[in-house]
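Each of the next two complexes has subunit A plus one other chain: subunit B in the first, subunit C in the second.
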Partner chain A sequence: MSGDNRSDAIKIDGLTKHYGSRRVVDSIKLRVPAGCVYGLLGRNGAGKSTLIKMLLGMVQPDVGRATLLDEDITQLRPQTRSRIAYLAEGHPLYRWMTVAGAVRFTQGFYEREAWHEGFLGSILDHFGISPKAKIGRLSNGERAQVSLALALASDPQLLILDDPTLGLDTVVRRDFLESMIHLIQRSGRTILFSSHILGDVERVADRIGIMVDGVMRIDCPTDHFKTQLRRVVLDFTGSVPRFPDCAGLVSQRQIGGKLELVVVGYGEEHAALAESLGAESVEMMELNLEDAFIAYTRGETRPLPSLEWEPVGC
Partner chain B sequence: MLKTLAWKESRELLPLAVLALVAQGLFFAAPWLPLVRWSGDRGTIPFVNQSAATQLLYLAGIAAIAAGLWQTLWESGRGTFQFLLHRPVERSRVFTVKLAVGMAATLLVAGLPILIYALWAALPGTHASPFFWSMTTWAWLIWFRLPIVYLGAFLSGLRPGRWFGSRALPLAAAVLVVLFIFALEQWPLASLVATLAVEACFLSVIYRVAATRDYS
Partner chain C sequence: MEFTISTTAGVPLYQQLTEQICSAIARGRLRGDERLPSVRELSQSLVVNPNTVARAYTELERDGTLYTRPGLGVFVSRSRPALPKKVRRERLTKGADQFLVDAVRLGCERAEVLELVDERMKQFQWPSSAAQAS
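Right, the complex of A and B next:
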């Protein structure tokens, strides 16, 4: 294996998965360097969870290969698995166990020296979770917190979190994320987490990937994505033409007499096209990550109708 | 780690085992309970007309099916396979412990009532008929085949199927195989070999499915 490979905590080469005739993950190629916090974005059903499950051996890929910490995912040894923490979607834990029971159960799989009991205790204490509490009686947020504590107790080198804030209300989500960032970010630790909540990713991720219909459409630094994507509004007096397909055009939609485009790297070519269409004015706006993500993943939409109304005396 | 896993599996099967044993206990004790009109085995010869012992084994068979499905469908339904299978231990070991505990529970839940019934029958003065331990042989032969039913249920729960009918296929096959092995009763050695061979087949398919199926 080359030296370049060694610096990648996750290396994916052409992973593909079909469910029946539907291709849910399509030839994904991705490298996550060691120490990177990678946010995997996509709408529901985009293939994020399937990709993560393939990485962890929960789902068998049809084609392609991948390595985690330089080890092929199809042959992950228990020793390697012990260096990887995985928070599955929905934080599945045994509901009949108490928190202390879940800790004892999980601890049983790790070497004594690899298990940081004190650290785990302090995380649970931070979240205010009693070891005597029954998992089944905990709220979604508390269960997420217990999952995170259990995942971190073995001091993993790589964390893979599948939509860790799914189902949590806004306040709990914010608390959970802040604690997560505080707890898991340390030098050399690689984190891959999926989410469909952009604000979460924006705060945490160094790099993002966006999956649309099983395809990885974007893989770049978070800031780069935000600066490259622009919303361009073209104003027309008469009928609104369709913007010709060109490089960088992500989406277009008609809103009344305006044509709203989302473009990556708006440049001279786009400006010339806008002019040739007879646009009266061109307005350019920056997008926050959420707007950029929506624009990127929404796909083609029908034109929004104009509201015809007559003012009445009120 | 094997102890931890075994503890978890035992703890999860405990309510089911207790329920099965209580049901069998009530069934056995019913003729002596007030307000119960069913005469049960009272007045018959234990292990000869096979009524009570057969019923106890039927109940144990139902418990074996429930155990196999419980250990797989319940784990799938709660999504805990993803938690369990990410523990740093070989997947085959996880399933070995699951199967070992499930088979032990099946044999215990089926064997204990039969043993107690036989001990009761062996006590002088409990019934007006002769009793020899050899009379219990047929019951122990059925007991020995019950793990096949358990393994069939386990495979049915583990194997992904598009619809319930195809999913239940291994369980149906297990029941049919057990009935077929009954036909070999005249040849105890052949019956024993057939039972072990069928169990080995089921185990090999279970390990293969466990290694290759998607836990999504």
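Right, the complex of A and C next:
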């Protein structure tokens, strides 16, 4: 990869965070090119939110650095911050405010010229949300729409959304995605959004990243993910070893004398590892998206108990 | 022209689109010089990233199925790509074989197979210069 970071809206270099002895984010390296829509997938607790909060300065990284719009995250100037919008998980808004009140409140954080009142109004109008409505009376979906509208009012160059469709029903989710598509069409905007729904990410994202236990396991174009995903079954005569962590490995689980892997872009490197572990045979199968989804959401599971059950030491 | 997208299928979204466009052309539902929806319109109505639609259009432009008129949009080509007969044969053989495997397995007679092909051919749009399915 080139050393030129001009075209990267987000550049993450080794960000790491521990909570106690638990490493929740582990040496993440990631580049999101300007204009890219990046979908960050992972189940709850994978470290997505912590990673996002580190980028925005709400959590201090233990190690590593990152830039947003070419500025170090520890030294973001207010002008740069005003070009970045963030949607927090769960769309927290003051419930006692009216929509118009929330608009006035949020506007106070921006320069007058950076605030596009008309655009904001048209979004709220599109969603059919009255400025007089009390936030506390809105549905989850409507609150999500209000917070998206507020985020867009500053016409941000970089939009970071933490699981924006969490808790929304199918119809509202689709509406929300539609407005995201609308936003993407205003070209040049970079979007990083986390999600636990593969289908949503596939619709919206140019690139997809998958975090498992704090580690970025996959980082590739969305189409690539779908065509390169394979289930690989390794057969062993003796005891079944663990497959070493490596790029492209989504999950592994032991079934009897077999080790079942889910891998994106199975290549020579993986084949060499399989051989070094002493696999008798390697069988490769295509994977439909449903299986892929389960494979990555389930993550690593303990082997299914066989007849000779042994307690698993922790 | 209505297109649909499925995120549960194992096929990338852009490929689902190219397949549907090709099928619509082959069946005569999209005619030569007919305008396709703009990238913006289609991405909005299918709720997919505009780049996905753009990629489908670009791939089909590259092989001559579609063409762009700057400022006016993307259109269906009148002419079909001029591939050598040998290449056409190669591309079609796999599908033909698959069809014939099923035909044999289901106990079809040769005449029945030919009759079926003849009948199905009527569902598709053939170049006017070529021999029509009688």
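What we mean here is this: the second predicted complex is superposed on the first by the 230 of 314 C-alpha atoms of A that agree within 3 Å, B and C clash if a C-alpha of one lies under 4 Å from a C-alpha of the other, contacts with A are read in each partner's own complex, and residues count from 1 in each chain.
Throughout what follows, a residue touches a chain if its C-beta (ideal position, glycine included) is under 8 Å from a C-beta of that chain, and two chains touch if they have at least 3 such contacts.
Given the structure is predicted, the values throughout are model-derived calculations rather than measurements.
Once chain A of both complexes is superposed, is A:L192 in touch with subunit B (first), subunit C (second), both, or neither?
neither
Give one of first, second, both or neither to describe whether A:Y110 is in contact with subunit B, with subunit C, with both, or with none.
In the superposition, A:Y110 contacts subunit B only.
If we overlay the two complexes on their shared chain A, which of subunit B and subunit C does A:A274 touch? Say first, second, both or neither.
Neither partner.
Which holds for A:I123: it touches subunit B only (first), subunit C only (second), both, or neither?
A:I123 sits against neither subunit B nor subunit C.
So, A:K53: does it touch subunit B (first), subunit C (second), both, or neither?
In the superposition, A:K53 touches subunit B alone.
Quick check for you: in the superposed arrangement, does A:T227 touch first (subunit B), second (subunit C), both or neither?
Only subunit C; A:T227 stays clear of subunit B.
Name the contact category of A:I10: first (subunit B only), second (subunit C only), both, or neither.
A:I10 contacts neither subunit B nor subunit C.
Under the definition above, what is the set of subunit C residues touching subunit A in their complex?
Listed in rising order, the residues of subunit C that touch subunit A are 5, 7-15, 40, 43-44, 47-51, 55.
Would you mind writing out the residues of subunit B in touch with subunit A in their complex?
It is residues 1, 3-5, 7-8, 11-12, 78-83, 85-91, 212-216 of subunit B that touch subunit A.
Show which residues of subunit A lie in contact with subunit B when the two form their complex.
By the definition above, subunit A touches subunit B via 49-50, 53, 56-60, 78-79, 81-82, 84, 86, 88-90, 92-96, 104-106, 108-110.
Which residues, counting only subunit A, touch subunit C once they are in their complex?
That would be residues 37, 174, 177-178, 181-182, 184-185, 198-199, 202-206, 222-223, 226-227, 286-290 of subunit A.
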